[in-house]
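Each structure below is given as structure tokens.
There are two complexes below, and they share subunit A, which is joined by subunit B in the first and by subunit C in the second.
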Partner chain A sequence: MSIAFFPGCTLSTKAAGYDISGRAVAQALGMAFEELADWQCCGATFPLATDNTMALIAPTRLLVQAQKAGGHVTTLCAICFHVLRRTQHILEHQPEMLERINWFTEEPYQGGARVSHFLELLREEFTWGALSGRVTQPLKGLKVAPYYGCLLLRPQAEIGLDNPDEPAILHDCLAALGCEVVDFPYQTECCGSYLAVSKPDLPEKLAHDILTSARRNGANAVVTACPLCQFNLDYAQRKEIRHTLEDTLPVLYFTQVMAVALGLDQDVWGMDKHYVDPLFLFSDLR
Partner chain B sequence: MRTRISVDSVRGEFVHQIETISGQSLLACNQCGKCSAGCPVAFSTDILPNQVIRLAQLGIDDVLDSQTIWSCAACLTCVSRCPKGIDLPRVMEAMRQLKMERDGNQIETTDLSPEMVAEVPQLALIGGFRKYMT
Partner chain C sequence: MIQRALVIGAGIAGIQAALDIANSGYEVVLVEKEPSIGGHMAQLSETFPTLDCSQCIMTPRTVEVGHHENIRLYTYSELESVTRSESNGDFMVRIRRKAAYVDWSLCTGCGVCQEKCPFKVESSFERGIGPRKVVYTLSPQAVPNKPVIDAINCRYLQSKWDIETGRLPAVDKKGNPAQPRCGACAKFCPTGAVNWNQKDEVFEESVGAIVVATGYDLFPQARLPEYGGGNIPDVIDGLAFERLLAASGPTAGKVLRPSDGKTPKEVVFVQCSGSRDPERGVPYCSKICCMYIAKQAILYKHRVPDGQAYVFYIDVRAGGKGYEEFLNRAQEEDGVIYLRGKVSRLFRDGDKVMVKGADTLSNRTVEIAADLVVLATAVIAHTGSRRVAEMLGLATDENDFFTARNEELDPVVSRMPGVFLAGAALGPKDIPETVAQASGAAAKVLGMFQREKLSAVSVQL
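Let's turn to the complex of A and B:
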């Protein structure tokens, strides 16, 4: 079985480790990703003003591409997922908007495409039990703090992935891989998102609060499903400011943890570009 | 300093613009303060999120000079907790748009340090540009 996959701008560049590990684990589980043809950026933010037609054209064009690829597109980036699913929600519920947007797209969108996050496919189609059965390298002793951030969960009425206040999907994934899952109160707090560009002090402070909370609850690593969360948490611990920190915590993508647990080759772990090197976590593995 | 409020300003153009752009009814807010209690950036802002909406309700357009509207990254925590179903990030978006209509871009690409641009992910750049530039 192959699935149409939309990598988005950041997985092709800055978050290449998410991309390589994600594709490798999907392949290993028999759900190989087929990159969506002729894709472009989704827009990276969901338009919040009522006059949002322009900003919905790019994600709608991706839904057209998804339909041509069989009607189902999956993502790894939480922000791409958020933008595509909310766009899909508007197009399904506001026929007049669908009509207006179709004036601007090369080919009309007919409705009905399915947008999923890879975590959802694992939970609903592969199942945690089956994933657990595929683990060849149980990560017992690795204490991981699942960090969801914002856009994977909120707003629940449109995203519908999990309970926005008490999510479980990353917890369940990591537990299936044999990790020790650490609960911490900052798991759905904001990392500061694109304020990294305009007000960089703010994400840095938010990241330190999130990391401190994870560390105090016993975590050896934080695990996320969003390339911007990963960046903000990891970059807040970069070498230049590390002397001001009590301790550092590696920030991993869930697909990287999966790649290790499934016994995949280290070439596809994609852990060479982190600000805090996570490889020491796995140095005791056989 | 005295702040003058009047029926004219409460029913005035500014309130109308905010409500039209955001699609939200400002007077639905009863000032319970849950948005401010849960806001992850409230510690850094000059006024609290519930005060932003209060000023807007009264038609006081000085609210556009608040830094709060530029610290909101639309994490939607307030949306998930508002007992009146108000989408406050949409109100913040309306204010950012009105402010930029009056005063132009809030960041310029030339202000960004090359070191930072080399490090931040693409989606942060795109997101930042879309929120801070017209």
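Let's turn to the complex of A and C:
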């Protein structure tokens, strides 16, 4: 079985480790990703302007591509997922918007495409039970703090992936991999997102709070499903400013943890570009 | 028409209406669902803006109700049905008094049973921050001062019924007939008032007029997941904080937080929790919160002078005599910090409650590690109001508050002839307004009775 996959720009650059581990894991589980043909940037932020027509055209074009690829597209990037899912929601509920956008697209969007996050496929189609059956390298003793951020979960009425106040999807995934899952109160706090560009101090402060809370609750690592969360949390621990922290915490993508647990080759772990090197976590394994 | 009135609900509205009618020489049937009268006002510590002790100013009236020769009081009772006579318009009312397992005609109110009862459960009167015994009155000042036994939590009654239904063996190890366990209250009662075989009783009354004063409830915290959904022990609602402040409350008026009994040094008050939030809560303003939060913040500062109180507000609504001045006092004399903005999230972090909010006047996000958070949860219609509306054929609005015949000019008259409305059952309101409305409803009832009397006289002539 293969699934149309939209990587998005970040996974081709900063979050290459997410991309390589994600594709390898999907392949290993028999759900190989087929990269969406002729894709472009999704827009990277969901437009909240009163008139958001222009900004919806790019994600709509991706839905057209998904339609051509069988009607279902899956994502890894939480932001791409957020933009595509909400665009699809608007077009589904506002026929006049669909009509207006179709004036601008090279091919009309018919509606009905399915946008999923890979975590959702694991939960609903692969199931956590089957996933834990595929684990060859149980990660007992690895204490991971699942960090959701906001774009993966909110607004619930449009995204509907999980309960935004008490989410479980990352918890369940990590538990299926045999990790020790650590709950911490900052797991759904915002990481500061794109303010990393305009107000870099803010994400640093937020990351500091999130990491401190995760460590205080006993975590060895933080695990996320969003490239921006990963970047903000990881970058806030870069060597130049590390002195403000008691200790560093590696920040991993869930697919990287999966790659280790499923016994995949270290080449596909994609852990070479982190500001805090996570490899020591797994040094005992091999 | 029978010149006797039914008043539904014995909070301050029902009490006032009943007294006004009874003191004019007419009989009143007063029905209250709880074991004693006083409603929410009995839970309050002090009232705004005068800081009078709520119990103290109300007790003369509750006692008067208890003794009044013209008032027949049914506590621990609910309306079962209301039918209307087609010939004269009288209401036939059936009232069910729940079994209290205590014979109130024998009970002297000495309180020994409550002392001896070995089981404690969470008290709804104390809003979950204090316990009560299984045999209980709502407060030491309860009117009537007669206890009831909460059958669901009573070990004696449960084991008695289990033996009777065969869920427990009918004979003990020695072969004697099995005896229910506990029964401490009955053993120690000096007058033998505990009656394990008491059943619900149904009473019938005929009345010519009805005053509906069913009052309000608070928006459940469970519906505010971003504020912890009721799962954070140190996030409590306004009525619970009243109980912490009240001298007769579980902490005897000391401000001690529920989780560990420590004195909170940083207290955050969150106004409009569920109010003015059409998307997730109720669309309307709950009207009383701005003032009672100011009052609670002042009282907190009086109890804990080295503590800090913060109030998050959307805007402050202090329309009323002496209200704006009271608010200024909170800010200027008692140093309560007012922050204009909403709180986006509350969560537990160690022994603190993290408050994430915004101060929209300085355009900054605000983060407070609080020891205690008080939510001014929205005032909503009493859960029983819909049933009363159906029984009496009354109109309610989309929020289940009763609708008057004309909201501007006939605010206490319902669309059903002979049925009048008073207090928070019509919508959120404070004590003075509630009492004024109750007197208004009573005046309408008296006018109706008087008109009837006059026409009877003219027929005789």
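Everything that follows uses one rule, which is that the second predicted complex is superposed on the first by the 285 of 286 C-alpha atoms of A that agree within 3 Å, B and C clash if a C-alpha of one lies under 4 Å from a C-alpha of the other, contacts with A are read in each partner's own complex, and residues count from 1 in each chain.
The rule we apply is simple: contacts are C-beta pairs under 8 Å (C-beta built on N, C-alpha and C of every residue); 3 or more make two chains touch, one makes a residue touch a chain.
Predicted, not measured: the structure shown is a model, and the values here were computed from it.
Novice: Subunit B versus subunit C on the shared subunit A, clash or fit?
Specialist: Partners clash after overlay.
Novice: Should A:165 be classified as contacting the first partner (subunit B), the second (subunit C), both, or neither?
Specialist: both
Novice: Have a look at where A:9 lands relative to subunit B and subunit C in the superposition and call it first, second, both or neither.
Specialist: After superposing on A, A:9 lies in contact with subunit B but is clear of subunit C.
Novice: For A:200 in the superposed arrangement: first (subunit B), second (subunit C), both or neither?
Specialist: In the superposition, A:200 contacts subunit B only.
Novice: Scan A:150 for contacts with subunit B and subunit C and give back first, second, both or neither.
Specialist: A:150 sits against subunit B, while subunit C stays out of touch.
Novice: Looking at the overlay, what does A:213 touch: subunit B (first), subunit C (second), both, or neither?
Specialist: second
Novice: As a test of reading the superposition: which chain, subunit B or subunit C, is in touch with more residues of subunit A?
Specialist: Greater contact footprint in residues on subunit A: B.
Novice: Does the superposition put A:228 against subunit B (first), subunit C (second), both, or neither?
Specialist: first
Novice: Touch check for A:185: first (subunit B), second (subunit C), both, or neither?
Specialist: A:185: touches subunit C, not subunit B.
Novice: For the combined three-chain arrangement, which segment of subunit C clashes with subunit B: 184-192, 202-210, 364-372 or 400-408?
Specialist: None of the options clash except 364-372.
Novice: Is there a shared patch on subunit A that both subunit B and subunit C touch, and which residues make it up?
Specialist: The answer is residues 165, 189 of subunit A.
Novice: Can you tell me which positions in subunit B touch subunit A when the two form their complex?
Specialist: Per the stated touch rule, the residues are 20-23, 40-41, 44, 70-71, 73-77, 79-80, 87, 89-90, 92-94, 97, 106-107, 112, 116, 119-132.
Novice: Can you tell me which positions in subunit C touch subunit A when the two form their complex?
Specialist: 225-226, 229, 345, 347-350, 354, 356
Novice: Looking at the complex, which residues from subunit A come into contact with subunit B?
Specialist: Of all residues in subunit A, those touching subunit B are 8-10, 13-15, 41, 43-46, 48-51, 55, 77, 79, 149-151, 154-156, 164-165, 188-190, 192-200, 202, 205-206, 227-228, 231, 235.
Novice: Spell out the residues on subunit A that touch subunit C in their complex, using ranges where they run on.
Specialist: Interface residues on subunit A, with respect to subunit C: 163, 165-166, 185-186, 189, 213, 216.
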